[in-house]
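Here the structure comes first, spelled out in structure tokens, and everything after it is commentary.
Order as written gives the chain letters A, B and C; numbering starts at 1 within each chain.
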Amino acid sequence: MTDFFQLLISGIATGSIYAMAALGFTLLWQAAGTINFAQGEFVMLPAFAMLIGIAAGLPLWLAFVVAVAISVLVLGAGFKRLVVDPMRGSGVVAVVVATLGLSIGLKSFVKAGYSAEPHPFPSVFSEEVFKLAGVTISYSDVGALVFAGLMVLGLQMLLNKTITGRAMQAVAQNTFAAEALGINVKRMILYTFGINAILVAVTALLITPTYLAKFDMGDNIGLKAFFAAIIGGFNNSRGALLGGVLVGVLENLAGAYLTPSYKDGVALVLFLAVILVKPDGLLGTPQERKV
Amino acid sequence: MSVLSVHDIKKSYGAIRAVDGVSFNVEPGEILGVIGPNGSGKTTLFNSILGQIKPDTGRVEFEGVDISGKSPLALSRLGVGRTFQNLQVFSKLSLRDNLIAAAQEFHGGLWGRIFAPSDNGVGARADEMIEMFRLKHVADLPAGSLSYGQQKLVDIAMAFMPAPRLVLLDEPCAGVNPSLVDGLRDLLIELNRKQGGSFVVIEHNMDFVMKLCHRIVCMVEGKVLAVGKPAEIQNNRAVLEAYLGN
Amino acid sequence: MTLSKRHLALLALAIIALTVLPTMLKTYGLYLLTLWLVYIIAAFGLNLTVGYAGLKSLCHAGFMGIGAYTVAILMKAGVSFWLATPVAIVLCFAFGLLIGFPALRVQLHYLGFATLGFNLLLMLFFRNEEWLTGGTFGIQNIKRPELFGYSLMGNLPFYYVVLALTVIAGAALAYLLRSPWGRAFAALRDNPIRAESTGVNITAYTLMSFAIGAAYAGLAGALFAPLVNFIEPAPFGIGNSLLFLLMVVVGGSGRFYGPVLGSAIALLLPEYLRFAKDWYLAVFGFAVVVMMIWLPGGLLSIKETWQLHRAKRDVKSARPEAA
């Protein structure tokens, strides 16, 4: 039973990291109708940015700050201006293909220009463990959980409690109506891309110590984030949190109690089960087919 | 026996009662008009009849057979054609291919069609329709590249391709060049005479409806306000107040 | 698709070139040319699913893996290649049907994820079920078959068999596309709601487009195994599935020869430019982004995109009052 709790806690920790990437993914879809197939690579890039910073002698926290700044500039504003904006009106599929191309481009770029090997990455939190009521818990799990939890809650607060956040939600729900209300739609969409850029940088900080920095580390994270987002509900930002945690916990439990070799398939099975029963995700609101 | 009988269809979206208990019959060979202000539930009524959406209550019979809840596919196979209010053509296919696509599935079995001639025997029929709708000069262009009005005509021609016994047309004149509206009306009358079949036509163009239709149903706020011959509807006080007046 | 005289002549010329040219190639060049043909077969299939029927499929490499492993396993068990290949094709067809089912339920853009996930599951299977697939060690020493008593162990004879099968596979696809099915697929792609109301059974055609596309990948996989003599999970992963999609799109999705061009660009060139492979892929990836902005119809659509562009300009200048 103590095993179970250990697995549960580390599952929630991993899951909340997935949730951050998933949340960014969902926000982009809501605000700009962008399905970002390069989301995984968007996590990989800040990881390497931090790695380069550390190699240049920066302390981790400073490397992180620099990585966030670069991420906001390149993966936020740059991505929006150079890729998403020119494709306005060409449909979801064209954007999907373009971001697929982007994903391959970024991966190969890092592989060719930096390294094809996995690189160890320092953890923000101590690797040590402590015992609570007989359950062994690692500081890094608790740290990740707290950090990710604060990020997600903070974002919820921002979206629900501030004027800017409300405006962003209005844009996500109905761009035309938002425009009519005098909201600066373009700016709100830009903010959304910025938030996504911050989220992926934080995800990189938290997940790279376990995944190691590697050019293709985004494959797995991207996929988990997609599945988490859809499981929770693509059109609901709280859904991403639920989806991420569900995926993290269930794959941990399945890995331990069922079969470790199919652990990475858990997200898929959960995804299939959910969309077959509830095509709009657990917390998503149904969208009627337009005639 | 009526070709189509609709009993007490209701459909709500949240608090909006889009269709609120509509019943009517369509007789063999009849052209029935459906008029009503925007948002009075006409399109929702069509979609409920045609299986595109599921009405909350109600029953629909086609030639005496209960077709409630049947899929759009099943209905088209039974001989019910339709057009849509917003444009619905196969934009990358040529105009001629659009027409063939609209009828080819009605001949032979799925597997047999792999080995059938490319037009599955309906090419001549397509050319006939192209001739009739005067679209010959653009027959080989992708439908998506045609003007709005031309696409509208393609949409209508597609509905008639398999010679359906009942056709529902949702605002056939909307977006069509006013100078072509009379031609369209004559075309529909000709199709009705030559091919037989019954039509139900939603339309806002009063002149068009009055001259085309044998009978008219007027809907307001999801309910049938009046049914009658064009002349009766034209002089019906309630209709005038609710609709024609403004 | 009706063939014009010019089209036929060019096609004949291409086939003659592909027959004569390889006699002048060294081993590696011949290997690459054969590999290209194998990928063309697979991409033909994906073009049917994606380009003609308009469905997102991101597990094509996985299907190819099913084909390759089926043939390798059966041949190791002593079954003839010529029997194992049809089995591989049928198996892929069946898996295609299976994958088609979520396609009927799921909103369109989720389909990409569902198929991607299926590819992931296949990878895990190939990697973990060592008793069947050899796990990460793979299956070694896959022999090339014999045909009418002739051994195809040599590179050139095997190349000719693959060439013949590519031509047959292409002809079969062209035949299917010119039949009423081709039009039904396009109707499904352009407007499923309208298609349904004109008697097109979108359920059947959706499933068929997946299954036939997968069957083509199965044939490609069946040829891939004896070509490389050794299979392991890596070539059948998600990365290659994405690459397949890009191949089709870059060449021109929904255009018959799109996959031929696309697979040359996405697979043949990087193999030749092996020394710079990763840089090449990086450039390729970014080029795809640029292309989706300027030329979403793929390379083969250059002419039409240009014409459309000009036509639009002409219309604007000719009828200013229409605005």
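Definition applied: contacts are C-beta pairs under 8 Å (C-beta built on N, C-alpha and C of every residue); 3 or more make two chains touch, one makes a residue touch a chain.
Remember, it's a predicted structure, so these values are computed and weren't measured experimentally.
Distances between chain centres, each the mean of the C-alpha atoms, put B farthest from subunit C.
This structure's chain pair with the greatest number of C-beta contacts is A-C. Centroid to centroid, with C-alpha atoms defining each point, subunit A and subunit B lie 47 Å apart. One simple way to say how far apart two chains are is to compare their mean CA positions; for subunit A and subunit C this gives 31 Å. Our note on geometry: subunit B versus subunit C, Cα centroid distance of 41 Å, whole angstroms.
In subunit C, the residues touching two or more other chains are 193.
In subunit A, the residues that touch at least two other chains are 291. Residues of subunit B found to touch two or more other chains are 52, 84.
Those residues of subunit A lying in contact with subunit C across their complex are 35, 83, 86-87, 90, 92-109, 111-113, 116, 216, 219, 223, 226-227, 230, 261-262, 264-265, 267-268, 271-272, 275-276, 279, 289, 291.
By the touch criterion stated above, subunit C contacts subunit A in their complex at residues 56, 102, 105-110, 112-114, 116-118, 120-121, 124, 127-128, 193, 238-239, 242-243, 245-246, 249, 276, 278-289, 291-293, 296.
Those residues of subunit B that touch subunit C in the shared complex are 50, 52, 71-73, 75-77, 81-82, 84, 88-93, 97, 100-106, 110, 113-116, 118-120, 145, 158, 161-162. If you check the complex, the residues on subunit C that touch subunit B are 176, 178-184, 186-187, 189-191, 193-202, 204, 254, 308, 311.
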